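Two complexes, one shared chain (chain A), two partners (chain B, chain C).
This part shows the complex of A and B:
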């Protein structure tokens, strides 16, 4: 068992989990900001739908010149603005994903470079303060996969949303919610809990 | 003729230039106030609609589901049953509209004051007005035009808001309710060009850097 290789890898693992911890907070923050944007998107779509279903000329608003056109223009503009804001948020998800991938890759690269001096028995050994290397590598892979998939799904949803497709816009809040993966989120939190002593035992 | 030599760059404005510059600042402030009131009203109107619709849905869910009969003010019994909570919100909304009307009357006064300045200049310098602009490039007539355009926009908006105030508590059609709310919130007559007019007015008078 080569102590220096283990120490080096442990150091890299600590760095990586620390990074995931920070990124998890960022991700959650962005997700929170998105939920209000997505619901206002659904709300705007609802307003547009109500406008389309209403024959303005037969209502007390009928005397106002160009009202439906002007209101529709304003609503479409507002939808555009929200979509742009959401695009920025999804880019922020992308940055989280990239950062996580980068750090996880670095750990695996180091593991592969030193795999000769890291026999199975070393990799599966664990103690009270530190989970085994193999467990931690697995958690890292799970985390990376989670962010990868989440990013792709959210980006995909955003890409198909168009201001002129009302039905899709109306369903956006539901679809967005359905992308949430509490299990995946929880697995990351669990992993972070399991490594908390390990992170402190620097 | 002193004041004709670009008084905008001097510390103390007097006469017409002073008045126009103050008016420009007033436009800015009044429109800000208007926006605040509009937001306030929007919250109240939403409450009124939610109140109406939730009551409707308890009494007769069919009305919500149908949503196709488009009568302006359906004379349903429930709509006229006195309801202190609903009434209170309506009074609040009415207050908001009255305060907006007050803003509009101030706007109107500014337009007429600027018309007066124009007439004064016609008297002082003849039909063509003053030979050099008071600020950067605008003739005094242009100030009147911009103010009038802004005034017309807000006048139309106030009329719209008055209609919404009158109808919103008497509408059982959820789509129409939504349209009322969306009209109130998005102020369809205030378009981007309105904002550009105000911005250019502030730039011309030196309130904002060009």
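This part shows the complex of A and C:
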């Protein structure tokens, strides 16, 4: 039994799961902040659409000079600001993803380096306190894939949003919501729950 | 150790993870670590690259494969319920990929147009990171929800490796971006049906499609928009639809099909909407690649506009016309219409700018039939005694659909033959079981009639008659053979001497002298289509109907040429113009006669009846030459008429060029009478005292029919006199019958007939 290799790998796994745990909270926080931004983006798009439909000259406001242009300028500015804020948030997602990828890669690298001293029978051995190495590696891989795809999808959505494409802007909140994958989140939480004893058994 | 693995569907959580779940023992056997790449090869050669992971329940003997990276031939349903030996799994050494060339398959053409290749490349690189890829495999990344559906891997590390792992450092080059729809169509390409005998039309169509694509600059410089529309005209079953399909496949063009009846909807305006939708679909597809909009049965969609057709139809026609005019402007796609009733189309449709070209696909000629047969029988195991050439010769008037039905029927006969103890006849044992032999084709030919002769007037079915069945008349037989059989058998000689086949033959002579039987024999000795008309079929109470029926008869006869049209009792059919007959004048008979004169020697025929034109550029063998010559010799319809009142015929009919040969069928002479008597008493038990020679001498002026009747009467008399158990017919019976028998021909009548054409024909 090559105990030292197992112990070393366990150590690395603990570190990685710890990191994922922290990152999960960060991710959730950023996601919450985003939802308000995205809904305000949809709101702004709706206002812009309303502005285009109404003929201000026929209302009492018609006396103000250049009102439609000014309003439109203001709204576009607001949209720009919101989009910029969203971009920042997505960058935050990116940093979460990068950190997860870095840690997961490190674990896999270590496994690959020590794989000669880690036969498969050892990898699948489970006990009451710790899941098997293979299970944990699998979870890590799933988590990494989840964050990677999530980040890519959200970044993509943000990229195609342009201030002049109103219909797309209006549908943005709906699209943003549809990107959320509760299954994936749940799976990460499940994995974290399953490794909680393992994390404590330092 | 070879394990038998049951393939079960992957878990939903594993979708897109490229995992393949294995048993532990197997993983150890193969020397696999967690997550190391493994190539799963199925029986059909399809393969799938996965990463090996143990099953959560650690069970052996099961295999779950996630087909994220698999070869294109792997169908998702092929994995269901499959059993796989463990030799199908192989550990693969996968280095890191430095450079990857891929083809991106995107969901919508819109994304393809809007996004640059770099952007697609960046997206593809992100999507591929962490995956293992294999050369020529299709990586399915649809689960990520991006506009890219999948990526086809062209080369890994510029071809130096078969497979590898994509890392963030990998440089991904997107060679081309294609829509998924296009890709799937190209993949389906294998199902093309070979076409025989349509090369000329094929080339024309192909040229139309490829010219603007292959030489875009020159066509633009010349300022011509090459033909944007073509109308295929031809009888049903010649392969118009099939032709368009195969051309579209050949030039890799998208094919949007509109069939007339499907477009027409019940609500007002629905039909127009459907039509517009079809055109939009075509122009959508045309942005990606060359596109053909194919309107099948266009006569249903675009009938002649008139007050009798309703407004909805007229609106639909107008919509089609405007849509077709709109096509030229955005330089989109080619429209091909197909119809078998070009005359029913609105004339506005048939002008350049709408349908620029009209391509006539006629009934196949002999050579074309031979080629079609070759195509149709490509996959049929033919026995060496099958001669496709002679089948092609016998199947005049068959179109492509008929020929394929013929081969199918022949195969069915062969199957039936082999299952019904065909193995019993040991004489045929050297012929391989299940081969299709000539007799199967002959049987099938009896079942399948040429489709252009169906619903035709005057299709006659008769038992074949041999020349030998007709006693005497050697000279007449020779004449008939000359004009009917020789052009078929010796085309070289005819062409060499610059002789063409006789247009028409008139047989005249006293009644009962085997005129009709002679024609039957001529038709059965040459493998022509045989049509015969009688007054009953031709005459109708409606004005103009008879003329139309006759014209249609000739049209059909030309379609199935070489053919023989037989007009029995032609004097009653067409009569004579002018004062001769008295009441003729402007009667129906005179009009029928004028139609007949036109058909015999008219200016020409309609363009829609055109058949294969020009000579195909193939390797000329002796046989091909012979076939061509035969084609040249026998493209006309031959008319054979019979009458016993030649004096009643119009003189215009009798000139050379119409009826070239006017043959007198005389009453049988002594020798002929003997031969006839011999023929008719063949099945009759004759007493030894019966002297046929004596009977022949005593039956001067008897016609063939009289002689037949004589034999019959004698036999009946024998039955009457001697009772039912009589064994032979005796001479006295013949003599007794002869005493009461008057010949049906009088010598005066004979003299009249003989003198009639003395001035020009002896």
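We take it that the second predicted complex is superposed on the first by the 202 of 202 C-alpha atoms of A that agree within 3 Å, B and C clash if a C-alpha of one lies under 4 Å from a C-alpha of the other, contacts with A are read in each partner's own complex, and residues count from 1 in each chain.
Keep this in mind: a contact is a pair of C-beta atoms (placed from the backbone, for glycine too) under 8 Å apart; a residue touches a chain by one contact, two chains touch by 3 or more.
Quantities reported herein were computed from a predicted structural model and do not represent experimental measurements.
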item: Clash or fit, chain B versus chain C on superposed chain A; value: fit
item: Chain B versus chain C as contact partner of A:158, first or second or both or neither; value: neither
item: Partner chain(s) touched by A:30 [first = chain B, second = chain C, both, neither]; value: neither
item: Partner chain in contact with A:142 - chain B first, chain C second, else both or neither; value: second
item: Which of chain B and chain C A:112 touches, first, second, both or neither; value: second
item: Chain B, chain C and vertex chain A (Cα centres) - angle in steps of 10°; value: 110
item: First (chain B), second (chain C), both or neither touched by A:82; value: neither
item: First (chain B), second (chain C), both or neither touched by A:191; value: neither
item: Which superposed partner A:124 touches (first chain B, second chain C, both, neither); value: second
item: Partner chain in contact with A:134 - chain B first, chain C second, else both or neither; value: second
item: Chain C versus chain B, contacts on chain A by residue; value: C
item: Nearest Cα pair across chain B and chain C, whole Å; value: 26
item: Interface residues, chain A side, partner chain B - complex; value: 46-47, 50-51, 53-56, 58-61, 64, 67, 70-71, 73-75, 78
item: Parts of chain A lying in touch with chain C, wherever the complex brings them together; value: 108, 111-112, 115, 119-121, 123-124, 133-135, 137-138, 141-142, 144-145, 148-149, 152-153, 156, 179, 187
item: Residue ranges of chain B touching chain A (in the complex, touch as defined); value: 67, 70, 72-73, 156, 159-160, 163, 166-167, 173-183, 186-189, 191
item: Complex contacts: residues of chain C adjacent to chain A; value: 13, 16-17, 24, 27-28, 32-35, 53-54, 56, 58, 123, 126-127, 129-130, 144-146
